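Letters A, B, C, D and E mark the chains as written, and numbering starts fresh at 1 in each.
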Amino acid sequence: MARIGVFVCHCGENIGRTVDCARVAGEIGKLPGVVHSVDYKYMCSDPGQALIKQAIAEKGLTGVVVSACSPHMHERTFRRAAGGAGLNPFLCEMANIREHCSWIHEDREAATDKAIDLARVIVEKVKRNVPLETIRIPVEKRALVIGGGIAGIQAALDLADGGAEVVLVEKEPSIGGHMSQLSETFPTLDCSQCILTPRMVEVYQHPRIRLMAYCEVDAVEGYIGNFKVTIRQKARSVDETKCNGCGACQKACVVKNVPSEFDERLGKRTAIYVPFPQAVPNIPVIDREHCAYFKGRARGMKKDACGKCKEACARGAIDFAQEDRFVTEKVGAIVVATGYELYSIGKDQPAAGLKGYGEYGYGTVPDVIDGLQFERLASASGPTAGKLLRPSDGKVPKKIVFLQCVGSRDPAKGIDYCSKVCCMYVAKHTMLYRHKVHDGEATVFYMDVRAAGKGYDEFTRRAVEEDGAVYVRGRVSRVYRDGDVVKVLGFDTLNGTPVEIDADMVVLATAMRPRKGIEKLAQTLSVSYDRHGFINEAHPKLRPVETNTAGVFVAGACQAPRDIPDSVAMASAAAAKVLGLFSNEMLEREPTVARVDAALCAGCFHCERVCPYGAVEHKEVRDRKGNLLKVVADVNPGVCQGCGTCQATCPSKSVELMGFTDEQIYAEVNALAL
Amino acid sequence: MKELRDLATKLLAEGTVNVVLGWEEGPRGVRPAFATDAAAAGRLVFDPRCTQNLVPYLSPRRTQVKKLGKAAVVVKGCDARAVAGLVRETQLAREDVVVIGVRCGGVIADPASPEPLSPATVADRCPGCNSREPKLADHTVGELPAAPPGESRRDVRIADLEARTADERWAFWQDELGRCVRCHACREACPMCFCERCVADKTQPQWVDSSPHPRGAFAWNVTRALHLAGRCVDCGECERACPVDIPLGLLNLKLARVASERFGYTATDDPAVPSPVGSFQKDDAQEFIL
Amino acid sequence: MNGRTISRSQLAALVDDLVGSGVGVVAPVRAPDGRLDYRPVARLEEAVLDGGLPRLSLKSLFLPPTEPLFSFRKSGPDVAIDSVPTTFPPRLVLGAVPCDAAGVAALDKVMGWDYRDELWFGRREATTIVSVACGKGDASCFCGATGNGPAGTRGADLLLLPLDDGFAVEVVTPKGEALLSAHAGRFGEPPNEADVARRRAGLLEGRVEPVGSLAPVTAWLGGHFDDPVWDGIALRCHGCGACASVCPTCHCFDIVDEPEGVTRGTRRRNWDTCQTARFTLHASGHNPRSVQDARYRQRVLHKFSIYPERFGELLCTGCGRCSRACPGGMDLPDVLGAIAARAAAPAGGAA
Amino acid sequence: MRVGYYPGCSLHGTARELDESLRAVAPPLGLELVEVNDWSCCGATSAHATSHLLSVALPARNLALAEEQGHDQLLAPCAACYNRLASARHAVACDAALAETIEDVLGRPFPSTVAPRNLVEVLRARLDLLRERAVRPLTGLKVACYYGCLLVRPSEVCSFDDPEDPVSMEEVVTATGATPVAWRRRLDCCGGAFSVARTGSVVRLSRAILDDARSAGADAIAVACPMCHSNLDFRQKALVRRGEAELPVLYLSELVGLALGLDAETLGLGRHFVDTKALVERALASKPGPAAKPGPRPSAPAAAAKPASPAAAGTEAV
Amino acid sequence: MNATLDKTSFEPRLTAFVCNWCTYTGADLAGTSRLQMDANVRIVRLPCTGRIDPLFIVKAFERGADGVIVSGCHPADCHYTSGNYHARRRFAFFKELIEFLGLPEGRITFSWVSASEGQKWREVVNDATARVRALGPFSGYPGTELPAWPAAGAPAPNPAPGGGGER
């Protein structure tokens, strides 16, 4: 006969305020099989857990029910406590009478009745729980890092230094991400190339890191510890083994007017190009859309339209026939570090629900640029070799107006969050501008300056006090070209007067959004994402670098707008988590997996068709003399993730998902009757 | 008829098969025959009284029929779909059975009835039949007779039921299912119900009450219809087997329509066509989901 | 023959009297699909007295397909039981077919054998059965062979024999007599003896029963449990048990406890049948009757050997419902005929 | 398409030409304008300046009439009326208490099924028909589209176009064959109802608008609001400095009428203060196609000249 | 079936079968955001909508539920990649069958609620409760209580579920 112990938690007054915990404990105590039913103020506290251990020992409990918060919060805590007292952890379940009851109802009597029902449901379930042992499966001690920005680089280096093999996949021809485009970085103003390039080289030379640049993740199968990742190696048209990065091909290339993505379309590049001088790997890529040879092929010309780069290459590294190749890697964990991209200000928007700023003239007025474009103008490796010249006529702008919060904090445009880093980099821009153009006037239109990091506020104060940036609190309503001047109409809310500035250049600090295509990658990894496309972390406070999918971790701006210091810290945290996962030989997995009863299985194999993980195998049933009786389904406990679709599809219910067996669910539904 | 008998005798004589499943004259009209010798093969018949689907006898659960050795089975177009169903769900290897297709012009509802085939006596499923010559067959016998007579009564009955209000439909079905005595003849006569132990017989937990009260009858008939959704071959055996004449075919036909309208699957005797059970399309309609 | 007559109009009036005085009247009623069911009626017009066999037998009025035995409710350690009434208000079955009435009579024996079934006898005592001689037999009927016949009186309290107008009434039991005297005004003079005899004989004319006397079968069955006749006899049987459901004399039932919540539930009795594999499945997985031949043999033996051996009468009234209901084409008279032939021919003889 | 038509006081008074031009272009654009009978004033500035309840109740009454007469859309060509109808609907949707009071006042629940539509919205919805039937495209004519401040703001109420960077009028103008010019003061206020109380500020604001349009090379200004039209057209004589060319101000429907080949008289072009004859000649000069069927003549007798509006009498050039 | 209906107005009892990863967490979010909602729904947690079997829904009605909610991850968001796709097909068949059998449409609510849609979960709960309250109590399965005499052959015809009928 079951001996169930029920512990009703007040959770301070989170539950106690609207649920009469004593009455719950009393009513549940009357249920057949319940031998111990108490309520306590803080069950998850040490004394609370001690109550459980004591009751298990004294009353020989065969099952524990903790009616408190959501299992997502403390199921692990209470199971560990029960395990500590010698009770199989899977004989301990939680009834959610906080998030699903006390917090969402005011009427005390109705909330208490509901709490009693919810507790009774779980008591009846626990009576049918069976002791389960955790499953041990081997772990592939290799990690996949998706995204070669600063976060990806940091995670890869930490993992490799921690002894794990790393596969770093980067979509662009070179790693470095957006950080490589920056001139100087706040708050220390040290040049981004100087602090980033050594890290990139370290990645390139690290024996345990396999760098796969110009590659994309195509498909991911398997589960924590045993992922099988298919990676598409996009054709560079350059043989990596032969090329030594001498750059002769780029000099020889006839196509020289392709707008450079790296320089945010302010500079030009050749058809065969290396994004920037310090690129890692320093191997060029042929842009087949603009390359004369490939355009000729596209038009069906038999003769080679061009082959200058091939001729110029002393080592014969150019290979026009190269095709995309697929590589599969077995990895134990995945770190998503795909970073961000800037909100596109113009009329057409990538995602529904987003709107552009036609009134700021971005795209029609050449001297209205965004933050990254300003970085490229200020950067020594930029199109203007570091001299701040305005794109329209190349003159030095005497007056620059900076607009904060373009896109961010603007629900009407579809983005209601703050992008966190713009206040800092706009202050930085004003400083860079004054350092390069001593008599330049920088005006910044802002709503609130948010500079909360270490040394951040001092940095923005310096921009105002030492470098004379004029901060105007207010929004700009329109930017338009008036002759060769860029007219900025704004409003100063502090002294209540409209402001009109004849600027030479306007820089828009646009919102940070996740990379295009993040939704598809998230679905490939079966990881959830929020309505903006940022990856959902497992828990904002307690598990910020994990996702709800075991074995998939997240770092950097792909999870939320984030600056470099935070991204690096998060990358190291993710690496630490992965190293923790790899630290033990076998991975312990929840034993809530499916089991087939060979006697009852008719071998129709519906279960095999619905299993997303291919965990169902065929097993022959033979009699003692060895002749075949029938072929039945069999579940591989290592592969099964416990979704239970097989059981719901099986007509004869011959397969049972441990932890959610038919007996348990029937008991739960039956317990709901009055 | 003679062509069928000669073929059966030849197959038995050659040893290609050990038993030929067909129909023979019985005390009440025709009945299934398990011809294991020339004499029995000589008694095989085929006429509009051969309503019964013989494929259930090929299910792995029928150990006695299995003991008779390799079988040949005489199938009409609807029966052939049942063979495809068993092959599709690995209950029967296609090469383990010799299928003798017979061209059919429709059968009468009650095999014991002396009445000839007519719009009044024709089985509900036959009018408008599109598989009068079974494709899944190793041999095909008989000339192609005229199309089955009469109109399909069940389309009208379904339309009439769908036109009623929910409460009227509930009352109609509670009354019909109220007669169910849970003998499960509908399950035992169905070629596609081959489970080793049916969920209705599972007692821990007893998902489907075994009692024939309205609650148990409702749960059973919902479960049976759902388990045949996208699998039913429309052979009419369940409705014919029901001792209390519950119009079970209407439930199966309703779900067969859902399978074709929503998921583009119609019952077919081609085992290569996958059943919609256990598969999905990313863009399946979900207008009923908020 | 201490019979009487009753005109159709008087019978209608009698029904009105009974219903008026609170006696439930049950009679065969035509269902929308044309078949007959025993159902409560308020007036004679609703009843069909000459329609032949209803779908389910009269057994279902005394042993319903499902009935609760008691409900229980637990609170803490103790359990409260709500039992079921075993006395029933009076009712009258009008228009029972003789083979159904005979079935009920047969079952009285087993229901009162070693344990008296209160529910069965509660209903039996509260019920008066008025049979009507049957003129609608078909090729599957063999009520004669089972010793009852189309005008059999076994199990009936009164037997009505159809006349030109109304019926000749034959009193069979004291309960029948009591009904007659309670409503004497409704009944007319005794019928013309010769006319009754002629009509009774008329019922038998032209009836060819599919099987002859069953005595030799009963005798043979006792000693031939492993006879080759049983091999392959049930090849075409699906083992569904539809035959047992419609049979007037099959009376096996299963008892289940159905929970309705954590602390409440009902114990119920449901019809069962020996034809399903599950009927004799042991918890260990062993099944003494693992093949259908064995189960079908059990059905034949129980009806024509075991029951007669214990109670001296057949557990079959020859109504033929099992043959008509069988989806697999099994036919009991045909099997009995084969066994009779085998009993007659001492050695060999193909089944 | 059958649309409820709410002319509003100005279209029966100072802005009769907007009503005439709209009725003329409706049939060729497949529009059936059914005037809501017994409509009353929408309250315009005076209502919402004095009483919030009044400013919601008056439009509510008109919407109720429209609903009862079977309309699900109500065209209010005057931007102010449109704005009032849309604001009332929005206010009631956001404020349950207000909805209840309106229900008491009106004697029936607020008619939320009727959607107010403005002139630009309705014309933009018929662009394909317009392009197809523009027998006399106004090629070469440079037009400055003037939205004014009421048509696209506040954004949550008038959500048919982007409040900061609208394009709908430009689309209609392009469809007529004319070329919209890029100019700055498309959305700036013309002074609106202050034309009587503070004429000085209206002169300053309207003049800035005219100057900006002229410097952008516009041959005419297209408007969709009688208030803006009166400030820019009726008052233009007082605003234009010596020697500057006058700039005709047309309603969008008049422009569309010209493109459809309708004559000046039907479109009420003769009623403008700034002479439109030169512009009409230019339009007529372009390739004449089969004249589109003019809409039914308005019932009111065609008054020869616009009655002298009281405002004109009292002012003098500033 | 003897629900104590002491309160004057009928308060429906609803059972919700939800998936652990999305809707259950969405309901948690509604909790942490203190979104007040009707207290008529009891949640039963399952790993995935793929695990939700029509048998559960029928059993819920048998055990006194007046309405059932079934909810899980939006298509493409399933933690197990395809559980909800299979569930969607299964629900499509089940819904068409059960409505053909006469269960009124409002009794069962299917929805997709993601982990970040606490607000939507509240709306699903409140709307479903309102719909079921309007439909009245699900009259269960008459004839399964203690026998209504005379148990003549077929049980007495059953009142329609929509009709009042004390539960």
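Rule of thumb we're sticking to: contacts are C-beta pairs under 8 Å (C-beta built on N, C-alpha and C of every residue); 3 or more make two chains touch, one makes a residue touch a chain.
Computed from a predicted model, the values in this text were never measured in an experiment.
Between the contact lists of subunit D and subunit E, the overlap consists of A.
A count of C-beta contacts for the chain pairs B-E and A-D puts B-E on top. Chain centre most remote from that of subunit B: D (centre = mean of CA atoms). When every chain is represented by the mean of its C-alpha atoms, the one lying closest to the mean of all protein C-alpha atoms is E. Comparing the centres of all chains, each the average of its CA atoms, the largest separation from subunit A belongs to C.
Taking each chain's centre as the mean of its C-alpha atoms, subunit A lies 53 Å from subunit B. Per-chain CA centroids place subunit A at a distance of 73 Å from subunit C.
Shared interface positions of subunit D, i.e. residues touching 2 or more other chains, are not present. In subunit E, 59, 63-64, 76, 82, 86, 144, 154 are the positions where the chain touches two or more neighbouring chains simultaneously. Chain contacts: subunit C has residues 37, 56, 260-261 touching two or more partner chains.
Looking at the complex, you find that subunit E touches subunit B at residues 54-55, 58-59, 62, 75-76, 82, 85-86, 88-89, 91-105, 109-112, 124, 127, 140-144, 154-155, 157-158, 160-163. Of all residues in subunit A, only 70-72, 96, 98-101, 103-107, 110-111, 113-114, 117-118, 121, 523, 526, 528, 530-531, 536, 548-549, 592, 610, 612-613, 641-645, 647-649, 657, 659-660, 665-666, 668-670, 672-674 touch subunit E in the complex they form. Across the complex, subunit D is touched by residues 355, 357-359, 412, 477-478, 480, 482, 487 of subunit A. Partner subunit E is touched in their complex by these residues of subunit B: 161-162, 166-175, 178-179, 199, 207-209, 211, 213-215, 218-219, 221-223, 225-226, 229-230, 251, 254-255, 258-259, 262-263, 276, 278, 280, 282, 284-286, 288-290.
Interface residues of subunit B, counted against subunit A in their complex, comprise 60, 89-91, 194-199, 202, 204-207, 227, 277-279.
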